[in-house]
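In the two complexes below, chain A is the common chain; its partner is chain B in one and chain C in the other.
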Partner chain A sequence: MTTHDLVILGSGPAGMAAAATAVTHGIKPVVVDEQPAPGGQIYRSIESTPVKERRILGEDYWQGKALIDGLGDPRIDYRPGTTLWQLTRRLEVGLLRGEQASMIRARHVILAHGAMERPFPIPGWTLPGVMTAGSGQILLKSAGLAPSAPVVLAGCGPLLLLLAVQYLRAGIPIAALLDTTSTGHYRDALRLLPGALRSAGTLFKGVGLLAELRRAGVRHVRHVTALEAQGDERLERIRWQCGDGAEWHYLSTPLLLLHQGVVPNTQVTRALDCTHDWDERQLAWHPRTDPWLATDVEGVAVAGDAGGIVGAKASAIQGRLAGLGAAMALGRAGEEQTRKEVKRLRRDLARETAIRPFLDVLYRPAAHWRLPEDDTLVCRCEEVTAGELRRMADQGCRGPNQTKSFTRCGMGPCQGRMCGLTVSELLADANGQSVAETGYYRLRPPFKPITLGQLATAAEDASR
Partner chain B sequence: MFKRLPLPDTSAQKSVMVYFDGQQVTARDGDTIAAALLAAGVEACRTTPVSGAPRGPYCMMGVCFECLVEVDGVPNVQGCQILVKDGMQIRSQHGARRLG
Partner chain C sequence: MSARVVIVGAGLHGCSAAVHLSAQGHRVTVIDKAYAGRHASGVNAGGVRRLGRHPAEIPLAMAAWERWQRMAEVVGDDCGFRPVGQIKVAESDADLEALTGRERQVRSLGFDHEYLITRDELCKRVPALSPHCPGGLACDGDGYANPYRTVTAWRRQAQRQGVSFHEGVTVTGLEAHGSGWQVQAGRHRFSADILINCAGAWAGTLCQWLGEPVPLVAEAPMLMITERLKPFLGPVIGATSRPLSFKQFENGTVLIGGGVRGEVDSRRQVAETCLGGLAENADTVVSLFPFMHEARIVRTWAGIEAVMPDQIPVLSRSSTSASVIHAFGFSAHGFQLSPISGEIVADLAMEREPAYPIKPFSITRFQGHRSSG
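Presenting the complex of A and B:
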């Protein structure tokens, strides 16, 4: 097994920045990414996107070019199209590229695998034709694909607004933007506005997006309190309720894109058994980290949205901090030498993240968007409903690992990625206990499907 | 559900021929399997092992596993993570994946 000083998982802003920083301290990092090209989701396909007209995707997207150019440094061993299927506490890293599996050993690991969209369990969310806003944006960036008929966007959060504007700029009609932001949250968020003004640039961009939508005359339905996707075999229509009204509004559409924020993808940090804390403001689990972003597993740090949602720019700053942390842990840099840079990075980080409390409060999904009604599927893979989970709670299940044994909830191909948050919150609610007490799935490798044949190639690789 | 934007670049892009359940599908070089299927008007690429319900790509970033297809005889492949290649044989996956 070959040993590498530093293995970085993910080539989004955090991973790319970490690699660039490590290189300046004489480290030759391995950067592993499942995607075929660098950039993560935020800067996805910058080098190959067919959407070349810069104003469509916006300048924030094209800013990623500098980080991607940095990844071209010959001292960085960048491995695209490579899946991580195993990471042990001894820092053995299991990789799969095509049919070839391998194991390498790391002295230090930076997990920069980013976020995923928060589950949005509504009736009918498994119908073909119901996707996420993130998926819409990925299709736009990577393949120049856009909705072929007027599309409905529903939910809340910056990404939803950004996608709406990107579609408008590309000439794609929007049938409706159904806004689930809670009425009271505007007031609550207003109190946090003075703090948010420290990241004024981000704030003004958000205001600009809303203005662009208004100018375009997009049907922006506010205070949506209920939403259902309907159809036989595929999405045909949606219906929703607004405010306190009991009246259902209907709209025919072949495509509904859902979004209610992003949350850290904790699959790997969970499997490593890092300590996680429930963050009540972000309504998500965060791996516990120290000021150097190190977890409580020796040699493992987490940078970027994988450790708690901070956004692309702050993720890159965290990547640099984690890169410096790695250099120090590996004895390539001293505290004295890095002090000035660290001070600057921490100041930049504080500025970039100043807007987070405001965004977290404003776009906090209301309880009924996170705790669905009994008939709604929670586990898409094993088709377990909220009602079944509540019945299990009545029968004494206190946590997700018990309901997993009873119902297979979380045991399908996605390994609980799509239901985990909902299940923890739902069981906490049903049992009248905290989410922290309720806990999360125990996760185990392989993190991604790997056939026995592919696994065998790792042994052949090791014996060579 | 989806169409190619009429962009100058798209027409100049090399095209790739793949097969979905035996039918020829023209894709753009650089497309993932899931993107190519959506562009070709395929809505569902599998049915679930539990109820047999149709499913199509959902997250497009490797998280949801809804876009599982069989590729050149290998089942349970995440269509959103693998790029199309000329002549690729893609099959929809019905129920649980086939073993062996």
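Presenting the complex of A and C:
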């Protein structure tokens, strides 16, 4: 097993910035990413996207180019198309590339593997034809793939608006944009506007997106309070309601893109058994970190959205901080030497994250969008409904590990990625206890499925 | 007369003892530092197996097997028991010779539940098995059950019979009180006429306090499970000269284990999986079932279990106190024995002669052992 000073997981803004900072301190990092090209979700396929017209994906997208160029530094051992399937507390790193599984050892690890979309469990969300807005955007960026028939976008959050505008600019017809943002949230968020003005640029971009949709005459339905996907074999139509007891509206569509924000992907920090806190404002788990973004597991730091949603620019700043933290931990930089830079980075970070409280409040999904009704599926892999989980709570299940043992909820191929948040919140609600008390799944390797054949090849590395 | 019984450990054996003692009218309290079935009891491979038992355990395993046939009567749930049979396969002629010897040994003890099957018969029962295997040792009626469901069924039955459970409570001290005990657990205090030690991997601490240390080792048997595969396997498969336990559940997933060990992190009280043993296990599976090369593992885990040097449990009265009973150290094969261990504990607690030979399980066999702690 070879040993490396620094292993960085993910080549999005945080991972790329961490790597660039590390090399300036004489560290040769290994950067591992599952995707075939760098950029993370935000700058995905920047080097290869067939969408060449710059205004479609927007200038924020093309800004990623500088970071991606930095990854070409020969001192960075960049490994695309490589999956992390195991990471132990002794910093043994299990990798999988094609059919080849291998193990390397790290002295320091920066987890910069980003966010995932919050589950959006509505009736019919498992029908073919219902996707997440994030996957819709992936198809657009990487393959220029766009739906041919008019599409419905539903939910809330900046990504949903951005995708709507990107579709619009690419000439893709939008049948409707159903906005689930709660009425009262506009008022609550308004109070946070003064603080948000510190990141005025981001704020104005958001306002600009809304204006662009309005000018184009996109059907924008606000205050949607209920939504269902319907169809026999696949999605045929949707129906929605604006207010309890209000009339149902129907619309035929072959494609529904759902989105209600992003949350940190905590599969790896959970498997490491890092301490996590429940963030009531972001309605998500965050690994607990110190000012250097180090977790309570020796040698492991988290940068970017994987540690709490901060957005692309702040993620890159966190990447730099974590890179400096790694250099100091590895004895390549002293506190004196980095003090000025750290001060500047922290100031930039404060500015870039000033808008978060505003966004978090405005786009906070209402309880009924997170705690589905009894008939709705929560765990897609094992087909467990919200009703079954509530029954388990009645029978004394206090947390997700108990319902897992009873119902197999969270035990399918995705290992709880798609249902984990819903299950924690649902059991907390049913038991009248806090989400923090309820806890989350205990996670185990492999983080992504690995075949028995691949596992057998990894053994040779481990014994070496 | 109704006694106050305190059981330490809400695993399978603790819950089974609670069911049997409460059924006899005693006031039973179960204390667990985490929750019922948190470690080995809840996450084991679920093998309901008489095949290959240590000779001393065979009479108990036979009696337990009889209880497994009617678990729904005992605890109100069949616990997912499926009597699909178990087969230990020979991978070589040397293996086959070992199995032949085993069959002879079992017969000489007066039992006939284990019997040799030929290569053709093996092929018929397990068509997916690699044809190089020259035969096997079978035990019809063995099978598997769902461990967490089982420990939960025992716990619920105990609760229905009035047993009180204190979960998330760690025993911190013992104090002799008349002929009984005061059990200190943080700010909780429990009075016991009879104390029962079913603390699994943590049972050694109690033994230490009682002045009868045991050479118990906490180990972490590892398991892994595949995604759903199309049905290809009936019986549970074991190997003769390498660790393997291999079974396909009704939902299509395949559970792989059989003794490879992970690591115990005693500070955090968790078991960690280790790559080496998992890969060794993967290798065994692929050589016996070549098509499994492409099967995807979705999860690996390990549970903390108490293992004794002679691989059989401690199931006996204490040697230092008349009011303490031990039932621990089942050495990674206690799942099947849980229906009978509780009966035996109840007999010992009430000073009745147990109906089964339990002399080999006496704690006195470790007399003279000095604790390393």
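Details
The working rule: the second predicted complex is superposed on the first by the 457 of 464 C-alpha atoms of A that agree within 3 Å, B and C clash if a C-alpha of one lies under 4 Å from a C-alpha of the other, contacts with A are read in each partner's own complex, and residues count from 1 in each chain.
Assume contacts are C-beta pairs under 8 Å (C-beta built on N, C-alpha and C of every residue); 3 or more make two chains touch, one makes a residue touch a chain.
Here the structure is a predicted model, which means the values were calculated and not measured.
By the touch criterion defined above, A:D273 reaches chain C but does not reach chain B.
In the superposed model, A:K52 lies in contact with chain B only, and not with chain C. Looking at the shared chain after the overlay, A:G94 reaches chain C, while chain B stays out of its contact range. In the superposed model, A:Q86 makes contact with chain C only, not with chain B. When the two structures are aligned on the shared chain, A:P357 is found in touch with neither chain B nor chain C. In the superposition on chain A, contact of A:T126 is made with chain B only, not with chain C. When the two complexes are overlaid, the chain among chain B and chain C that reaches more residues of chain A is B. Contacts of A:P449 after superposition: both chain B and chain C are touched.
Of the two partner chains, neither chain B nor chain C is touched by A:P150. Of the two partner chains placed around the shared chain by superposition, neither chain B nor chain C is touched by A:G70.
Residue overlap on chain A between the chain B contacts of one complex and the chain C contacts of the other covers 412-413, 449, 451.
Across the interface of their complex, chain A is touched by residues 35, 37, 42, 148-149, 152, 225-227, 251, 265, 268, 270, 272-273, 275-276, 278-280, 282-283, 285-286, 292-301 of chain C. Interface residues of chain A, counted against chain C in their complex, comprise 86, 88-89, 92, 94, 103, 273, 402, 405-406, 408, 411-413, 415, 444-446, 449-453, 455-456, 458-459, 462-463.
Across the complex, chain A meets chain B through its residues 34-36, 41, 45, 48, 50-53, 81, 83, 116-117, 126, 128-132, 134-135, 138-140, 142-149, 170, 172, 233-234, 254-255, 265, 380-383, 412-414, 417-418, 448-449, 451. Contact residues on chain B toward chain A in their complex (touch as defined above): 1-5, 7-10, 13, 28, 30-32, 35-36, 38-39, 43-44, 48, 50-51, 53-66, 68, 74, 76-78, 80-81, 83.
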